[in-house]
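Below are two complexes that have chain A in common, paired first with chain B and then with chain C.
And then the complex of A and B:
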């Protein structure tokens, strides 16, 4: 039974944590893809930027969280979301809009977004340095240990406070996004534009407004994803190139331009990663006596070492591109 | 869209025109090189020239992918690292102790097991020809692949751990470096083939994502496979194909090396120019500019795209190998997306994608600016700190130096954005001739 608890801690909890972060990140990427039709490489750095804003605000007002009984970083999140949304709209105005007006190919937009990535990364590194920082400046990370009511189980299920916040926020994000896209006027206009921009314009939808709204949502989601990631581990300025691959893999697996697909894809990639690096030998331990010797003494039975984690999203990406380039939910644009 | 314009200035050929722009730009470049020589000394400047020429080979590889065919490769770093690894593996002396030990035989067994596994899985994936239903065949092939993967990787883990503990790493092959360069190009081309095969039939964005990923994977493998590369412990000194600094002195040895890379650039340049003006080059441009009509003319688009992508990757492998040998140090952690992917990208889009002369100009010009920006940034910073401390009594943090260098990341990004916005065809735009 201890092994099962170990499995829950290392796969179920850890997988849902990475899955939620990838899901929120992938939704942002897929929204940009469905409205503006290019792969937005600067998304991971927008996430880092959002987390960095939270870090700055937390350092500036370390006591703010104590009033509400939440970590200061979470209290500062809405403000950071606004700042990141502003940044996203600004970046679009300065760097992407002129190119769009020229009618360049989507791949040129991709290169432009890489330029933006480097600029953001440079700025963050100049101000934050290159080392990791903890977002819990004044607060203590609460750790909840749920002991199971069985005699043979000694190890508890461990969930930390940021992980609980993460689950709650992920659910809020998903429900909020769903309500926005299916009920509100703007959300419906967004969906119309993603289906057919010309037809949407002809029926009186202001394309520029929709683009701006998209960036606001994308910026806000990026700030949430970045902050949650940094809360769970630490804030690092140079995460982005490692985040891009899983996020894009998640968006493509779910079907590009398909927000619900991106959420499913995010959890799929997150769980695939944790399952691949999990040492399956642990689960065999209780049956050690009844197993053949070569299997019982196999040692580490993980599919890949944790240093090769990045291989997993890549493999998923390649597999989906080979077998079903439209993704499991049939994205619109391929 | 812009493809339907009636009049495009760059389409009008003017063969008799004196190449004023080229002459001016290359004169400025020459003046800059002379300036660097007088300011920094011959040994330093020659090193800069050799590195710039290796980068020019990388840039030529990228320019045929991006300029000739409109494919965006965001993982130049991976191909460079592969080339560097091959240069290292071929040129380092043979580790006699390891090859004499039983472990080499065990490593061979693992290789045979892997080969056998691949054959069995490939065989299983062809089972449908024997009448096995397709879903069953796929399931069987996947299950067999997983099984063999686990068996081989467990065995490999045991063997490599012993190798690392007893013999450090398996050493090189003790062959001349240029052989490693050729093989480096071939290996990079092979990896490019697989990536291209998967991605080139789809949207161009997917290629960018996949190459970005494969670059990080290649780096992770080279960094963590200590038995193959010594990982973070790094391998040095790599032998040179020319007399090294110990025999003839720094400047002369680097001049020798430069003569080799210069000959390579000239050869690649001439071959590429010939290909560009040949019917093959015209076909490639036709595919880039209008895929649909090229397909209607009976061109095999995906095949041609794959061809050019692999060609570009081969050049990157060769350039990376030459760069790795020259550095005389194989350090997997030294391969950074900024230095080995985005710097090359800036060289190409600033110089002129699709214009080989422009690309070579861009490579040298950007590399000189890049190298000079380091002492310059630090000098400006020192000045600012001295001024700040003197007049306001600033407290400066100790990490400020390393942070100032990060400003170069910002500058490269800004440069990419500005070039795309204001000079999308680069300083020396591609000249497309009208035929008939």
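And then the complex of A and C:
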């Protein structure tokens, strides 16, 4: 039973944490693709920017959280979302819109977004320095230990307060996004434009308005994803840049341009990563006596060492591109 | 004052003119049909009216107001609806959502117009929660027309509404076009099935090489031996 708790802590909890962050990140990437048809490489650094805004705001108003009984970073999140949405709309106006107006090929937009990502990274580094900062300025991370009601189980299930916040915010994001896309007039117009931009225009839907709405949502989601990530670990200027690959893998696995697919893809990649570095030997321990000796004495039975975690999304990406390029939900091909 | 008027319209894509001086007049309660051989500029003329290509010379008037080179979403606002020949539904949206998108600029109308569209096209009511991409060609055409009608246009432009449909569905679509017209919507449509289309047309425009060749009532064009010989296949 202790082994099961170990599994829950190291795979179920950790996988859900990683999966949630990937899912929210991938939704942003997929929304940009569905409306503007290009792979937006600056998304990860938009996430970092959002987290950085939260950091600045928590440093400016460190007491705000205690006032409301929530971590300060969470209280500051809505404001950071607004600021990041503003940044996203601004970046579109300055860098992407002129290119769109010229009718450039999608690859030009991709390269432009690479430029934007380097610029954002540099800017954040100028102001934030290169060291890590703790976004959690409140007393201490509260840790919840759920002991199971069995005599033989000594280890509790461990969940930290930021992780609970992360789960709650992820659920709110997913439900909110679903309601927006399926119920609201603008959300339906976004799906319509993703389906058929010319017909959307012929229906009186102003494409520029939809593009702006998309950037507002993408910016807001980026701020949430970045903040969740830096609450779980710490804030660093290159915090999310290394997440770019798994996030794109998640978006492609789910089917590019398909928001629900991106959520599924995010959790799939997140769990695949945690399962790949999980030491399966732990689960075999109770059966030690009945196992052949070579198996019982094997030290670490993880598929890959944790330092090679990053190859897992690579592998998934390659496999999907080879065997099912449209992804699980039949999205578009990048 | 005519509902829609085109005066000596020139236009095309990328500097090459396809339209070389087209004239058209449509009254408020009329069905106008544009026929002619391939490459005559029939669909191009509809697109020029709907602001999808640049009109280089001449003018297009809607109730006396010049509208050429206005953006399509402005034209929808002014009471014009357009149903393209292909890709004329949002495939992943449900039938109901497709129709709602038609009234995007008039959200207050949605409830009343939905009811009216379902009355016009009863099969759509049963399929309202199904993605439009899963419908048959004929039903899809109904969704496309329904979507354009949701904005309560005073004139509806239809680009080959019966293309690729079986004769049974074709007659149904023609019947529905007449029904929509009877409800007070002016219709201007491009048709390959020239005989059937001219039979329901108040006005017919025979185009060739981007110019009017014959312009008359539908019945008169059908009866004209020269039109019959050159354009209606004998």
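The rule is short, and it goes like this: the second predicted complex is superposed on the first by the 327 of 334 C-alpha atoms of A that agree within 3 Å, B and C clash if a C-alpha of one lies under 4 Å from a C-alpha of the other, contacts with A are read in each partner's own complex, and residues count from 1 in each chain.
By definition in this document, contacts are C-beta pairs under 8 Å (C-beta built on N, C-alpha and C of every residue); 3 or more make two chains touch, one makes a residue touch a chain.
These numbers come from a predicted model, not from an experiment.
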Contacts of A:114 with chain B and chain C, given as first, second, both or neither: first
First, second, both or neither for A:310, with chain B first and chain C second: first
Which superposed partner A:98 touches (first chain B, second chain C, both, neither): first
Chain A: partner with more touched residues, chain B or chain C: B
Chain B versus chain C as contact partner of A:106, first or second or both or neither: first
Which superposed partner A:222 touches (first chain B, second chain C, both, neither): neither
Contacts of A:185 with chain B and chain C, given as first, second, both or neither: second
Touching partner for A:44 - first (chain B), second (chain C), both, neither: neither
Shared chain A contacts, counted only where both chain B and chain C touch the same residue: none
Interfacial residue positions of chain A with respect to chain C in the complex: 185, 188-189, 191-192, 194-196, 198-206
Interface residues, chain C side, partner chain A - complex: 50, 71-73, 76-77, 82, 84, 87-93, 97-98, 100-102, 104-105, 107, 147-148, 151
In the complex, chain A residues that touch chain B: 38-39, 41, 95, 98-99, 102-108, 110-112, 114-123, 125-127, 129-131, 241-242, 244-245, 248, 252, 298-301, 303, 305, 307-308, 310-311, 313-314, 317-318, 321-322, 325, 333-334
Touching residues (chain side chain B, partner chain A) in the complex: 1-2, 70, 72, 74, 149-150, 154, 157, 198-199, 202-206, 208-210, 212-214, 216-217, 220-221, 223-224, 337-338, 342, 345, 349, 399, 402-404, 406-417, 420-421, 424
